[in-house]
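Here is the structure we will look at.
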Amino acid sequence: MSRIDGRTPDQLRPVTIQRGWSKHAEGSVLVSFGDTKVLCTASVTEGVPRWRKGSGEGWVTAEYAMLPRATNTRGDRESVRGKIGGRTHEISRLIGRSLRAVIDYKALGENTIVLDCDVLQADGGTRTAAITGAYVALADAVAWAQRKKLVKHGRHPLTGTVSAVSVGIVDGVPLLDLCYEEDVRAETDMNVVCTGDGRFVEVQGTAEAQPFARAELDALLDLAVKGSADLDAAQRAALEQTM
Amino acid sequence: MSRIDGRTPDQLRPVTIQRGWSKHAEGSVLVSFGDTKVLCTASVTEGVPRWRKGSGEGWVTAEYAMLPRATNTRGDRESVRGKIGGRTHEISRLIGRSLRAVIDYKALGENTIVLDCDVLQADGGTRTAAITGAYVALADAVAWAQRKKLVKHGRHPLTGTVSAVSVGIVDGVPLLDLCYEEDVRAETDMNVVCTGDGRFVEVQGTAEAQPFARAELDALLDLAVKGSADLDAAQRAALEQTM
Amino acid sequence: MSRIDGRTPDQLRPVTIQRGWSKHAEGSVLVSFGDTKVLCTASVTEGVPRWRKGSGEGWVTAEYAMLPRATNTRGDRESVRGKIGGRTHEISRLIGRSLRAVIDYKALGENTIVLDCDVLQADGGTRTAAITGAYVALADAVAWAQRKKLVKHGRHPLTGTVSAVSVGIVDGVPLLDLCYEEDVRAETDMNVVCTGDGRFVEVQGTAEAQPFARAELDALLDLAVKGSADLDAAQRAALEQTM
Amino acid sequence: MSRIDGRTPDQLRPVTIQRGWSKHAEGSVLVSFGDTKVLCTASVTEGVPRWRKGSGEGWVTAEYAMLPRATNTRGDRESVRGKIGGRTHEISRLIGRSLRAVIDYKALGENTIVLDCDVLQADGGTRTAAITGAYVALADAVAWAQRKKLVKHGRHPLTGTVSAVSVGIVDGVPLLDLCYEEDVRAETDMNVVCTGDGRFVEVQGTAEAQPFARAELDALLDLAVKGSADLDAAQRAALEQTM
Amino acid sequence: MSRIDGRTPDQLRPVTIQRGWSKHAEGSVLVSFGDTKVLCTASVTEGVPRWRKGSGEGWVTAEYAMLPRATNTRGDRESVRGKIGGRTHEISRLIGRSLRAVIDYKALGENTIVLDCDVLQADGGTRTAAITGAYVALADAVAWAQRKKLVKHGRHPLTGTVSAVSVGIVDGVPLLDLCYEEDVRAETDMNVVCTGDGRFVEVQGTAEAQPFARAELDALLDLAVKGSADLDAAQRAALEQTM
Amino acid sequence: MSRIDGRTPDQLRPVTIQRGWSKHAEGSVLVSFGDTKVLCTASVTEGVPRWRKGSGEGWVTAEYAMLPRATNTRGDRESVRGKIGGRTHEISRLIGRSLRAVIDYKALGENTIVLDCDVLQADGGTRTAAITGAYVALADAVAWAQRKKLVKHGRHPLTGTVSAVSVGIVDGVPLLDLCYEEDVRAETDMNVVCTGDGRFVEVQGTAEAQPFARAELDALLDLAVKGSADLDAAQRAALEQTM
């Protein structure tokens, strides 16, 4: 069985990670997973939120959003509606937690890094692309902070790498990195955030149509670990390029 | 090693499910998992949201909230702040999805059931208690709708049972149904929603301190399946009582 | 003429005042006036709002809310609508003023007590039950603050007791403590807040159908004073029990 | 003892009622109670809110607001803060209820009248001036609707007249129509809404400093009835003038 | 060709500027341009917004609003809708900028003046009347601050005078100071803010129906400069009167 | 005198107009004026807002927004703050008016086109780049609607072309198309929207530091007309390319 776009079940869509996209941000990446394009910027500011002052520890947080016409049908702007939807909140929180999993707060010192992940075009997997791109933007921002001496010598603020990928069961077959059309048809849908050494940061599986069995869950996790390793390689390749 | 409250690692806290708590709601349950107490009410209304009209299918949704002093420190009311926090949104969505997993929309007909899960006292596991209690309130509401002939004879609107439990790793030991004190100390925290026949509806695992390995994930899933079976028994026992 | 529930015109519904309902709050009471059930919690925090800092005086405030399915028909959550309705605001302010009438701010010192009154089930008289229960929660919270030495020896922060009751004219007959069905049919409706020594803190009378004459107003006030004395006794009895 | 402005205890401040203030509104009145000035406009629209459609009955509602610099110190605009304060809500509701007490909904037919009461300058008694002026604007709007044949011949939509006045105890003396300086010093403060025939529509008394005794309450009610009669005369005089 | 109200094309409507309208505000003006009436109050407070503290410089800002029934059809209150409309924001910002153009921040010292411009009745040109009246209120507020010694001797905080007028092309003819009926029919509409010495502070021209040519633009600017000179004279006359 | 980036006073920054940027939108353009980059998408929907139904006429509207890190310092998201700022509102309205100036509503038929202009990177002139790019996206969307037969044969819905440019006086010299650094230093700042045949749609000039004289205004208008002609050429070139 071949997929809509000709991929094998365990194949990622073409992944591109373009660093230095913005002239203003301390780290900025335009990441694409196929037709899904997310602009991830990392903004460094000295100081931390009030509840963390004097702790000697830094903070990392994230905000996710979608341009109104990133999708096939135009959506209302959340700024116009005057409130953020549940889905937006949920994804912003997921991205923040995922990146904090590889941050050494003490080593970061009392600095705050905000990751903005704005989906310019959506075709499934926007949150996983966002996490994968945001990690690279974060790495660039940390390097900037080190060059500016905001971060002291010694322990590196990043304790590892992190990326994310979606997996799901479509017509009974476990597939890696679902595009929108596959996502809509998936019986089960899972987003998995892994570190570069193959451990889990987040596992979020949802039965869309039918509850799923343990064996299905295991097959999806296998697939996700495989995809994560591929993304980890793509991130490393991008970070090795000179800008 | 014994737990704070003397439980074994795979033991639930005392679970009580008190049906018929409210005189107004079509289904209402005061559920407690130890000191966590959640009031779950199910409200049936004829008709469905606009986007579903004419489909012949019903709808089930949920709203979760916490009383300001359900916790050790008083929290601001979301109604006073004028917006719902990300955590509230996320849990409301989780409860709704979990219950919809066992609903046959066609059999329900064009009726809407809203589950309100209000945490009166919190001591860890509020979302899992909410799902477990809400299922029982939902079952009572469906029975009410059948008695009132809102739901036609034939297929039963409920296709199975559903419950939820938290699991986590504390000091390296996988534990079932974390209380607040354990939850705070957990390295990894997972909420698992299962059907009565042991399949998964939702799996949400988060590395709080350290990314977790596949073996740890497997141990947690085993524990969750065990706890789910216990909760399923408690739900059945509650539903067999005459009110 | 006998009332719907068999009471005499000057008879309260069964009143229960259950102290220590919540494990977290410094004072907590589940109060019921017949089928009306309100959970009142008192939260003590050191310090006062900014506008009162350095005055040496404390502050007491209240927030009232209703669970969505406390009533016969489910109401929208105010947190979801994003704003608090006029009725909620009005009752919150009334409860706060009523309790402040028996507070000696100087004796309380720079501490703040917030009373949360959440209606779990509504059957008329929710604001009067809330005030009556909140007083008891407040008394427990003050006692807690004294034990914790937040409040200094000397003058007692409570200068008296306070309770509230509704009265109304139904089919030409003045009645005490209206249940929902009576409230709906009342020509005139009045909420009266009294101190234990029979003086008035608040008198709020509204002509629902017909403007009312001075003689009717006098009859209602007489009835309210009688009911207040009964509630005062119930509060004292509750506070004399050891928890 | 003489009052700040030389009045006797049972004397109103100079009251002026200027009809036809606005060229656009169907009824419009600039009312002043001493230095308190409120612009009251009545807007008539055909049709009623959705919940009242097909009932054959009309609706009357009110909105109260204060210009930011109506008071001695500038207040924030509620439109800028993004929400209406509790006090504003409470007064808007009071004005609406007061006017509806003299409306025959059937006679009004399916028309809606909105009263806007905007305080241009505040010196105590803004809500009582608003009700008193709004009644006159309402009467003009009803007359307009009759001329335009929106309201049918037969029963008059107004069943009586209504006005409001504040009373309070200052330094132990019951006073009528408090100005701001008196209001601030009042031990007890009461707003009373009366019909022209001396019956009560609303009685709202609040102990500002000390709970008050029944005798004090009686004295205040006497004073309010007296003031209401004076206001009724002023309203009639205004309505008799040709515009 | 004569205008609706008999004016010549280059003639202003009757302009009145009534100072000292409010007893509370440091400066207050009821300005009318024909049937357009705007209440402008200037509130002086010591100190400046946080971002300006320690600069030694003052701040001037403005808020514009319209009473709900200032117009022919009642509009919703922005406080009730919970947000300020784009038009309101835009005009508030325009008024603020216009007044700041004649302020010497250093001479004003660390004081803030807020101009509230509330439209009581609208008949076209509300923003231009607001600017023209607000300038006079501002001048009175500055004089008050000088008398109170909030502003030091030396340079005068006002570096000039400022007024505003609308111009437009109706049926091909350039007209000064459009009333509502003309405004609706205008092909091109321009608001021009000028200083007393004939220079421009703001020029905002909009093609309502047809793009306009350079010659038309020039004719409108000529007309605006003429009208500004007339308004400047009216402002000076008002300020020369003793209050 | 040479400019920061070496341009002559009447020279635009490099302008690029990349059509077909998004796979979902009916028209989409990534426009850049130097380092200012704006993504403009045009979304076509059948039908019009309620107030326009049955008129046979279409509608065009626009929303402008900025990504949080489009600027040198990260700004708060308007969706998070829960309201749209005045500047955003003002620019959205300007873009909408500018495009509507070249729309024949009758020819468009009852279709709505929404232009979303999201600033990805800001370096001055974001609103003028947005208008210039949005026109091209609009043209593509109209062509799409014609191909889909949503728009009938006959009159073309576009009556002309429109573009916008900023001009300003820096150190006494009138300059075309200010970059951020010039914009900050400008004494006078003007945004001019012109049709392709050199007429004006909007003229918005603001004295930032000093009121400006008629001669300065004339010089700026000359410059703007020149820049508009250049932009018109760039738009035409882009639209002539086959996608």
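In this document, chain identifiers A, B, C, D, E and F correspond to the written order of the chains, with residue numbering beginning at 1 in each.
Note that a contact is a pair of C-beta atoms (placed from the backbone, for glycine too) under 8 Å apart; a residue touches a chain by one contact, two chains touch by 3 or more.
Heads up on the chains, UniProt names are A, B, C, D, E, F = Ribonuclease PH.
Given the structure is predicted, the values throughout are model-derived calculations rather than measurements.
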Where chain B and chain F overlap in contact partners, by chain label: A
Both-way neighbours, i.e. chains that touch chain F and touch chain C: none
Identified repeat of the B-C interface (over half of residue pairs identical), from A-B, A-F or E-F: A-F
Most distant chain from chain D by Cα centroid: A
Distance from chain C to chain A - Cα centre to Cα centre, in angstrom: 50
Whole-Å gap between the CA centroids of chain C and chain D: 28
For chain E, residues that touch 2 or more chains besides their own: 82-84
Direction chain D, origin chain C - full chain order round the ring: C, D, E, F, A, B
Sites on chain D touched by chain C in the complex: 83-87, 89-90, 92-93, 97, 101, 160, 190, 194-195, 197, 199-207, 210-214, 217, 221, 225
Chain E residues within the chain D interface of the complex: 22-25, 28, 35, 39, 41, 43, 45, 63, 65, 67-72, 74, 77-80, 82-84, 88, 114, 116, 118, 120-123
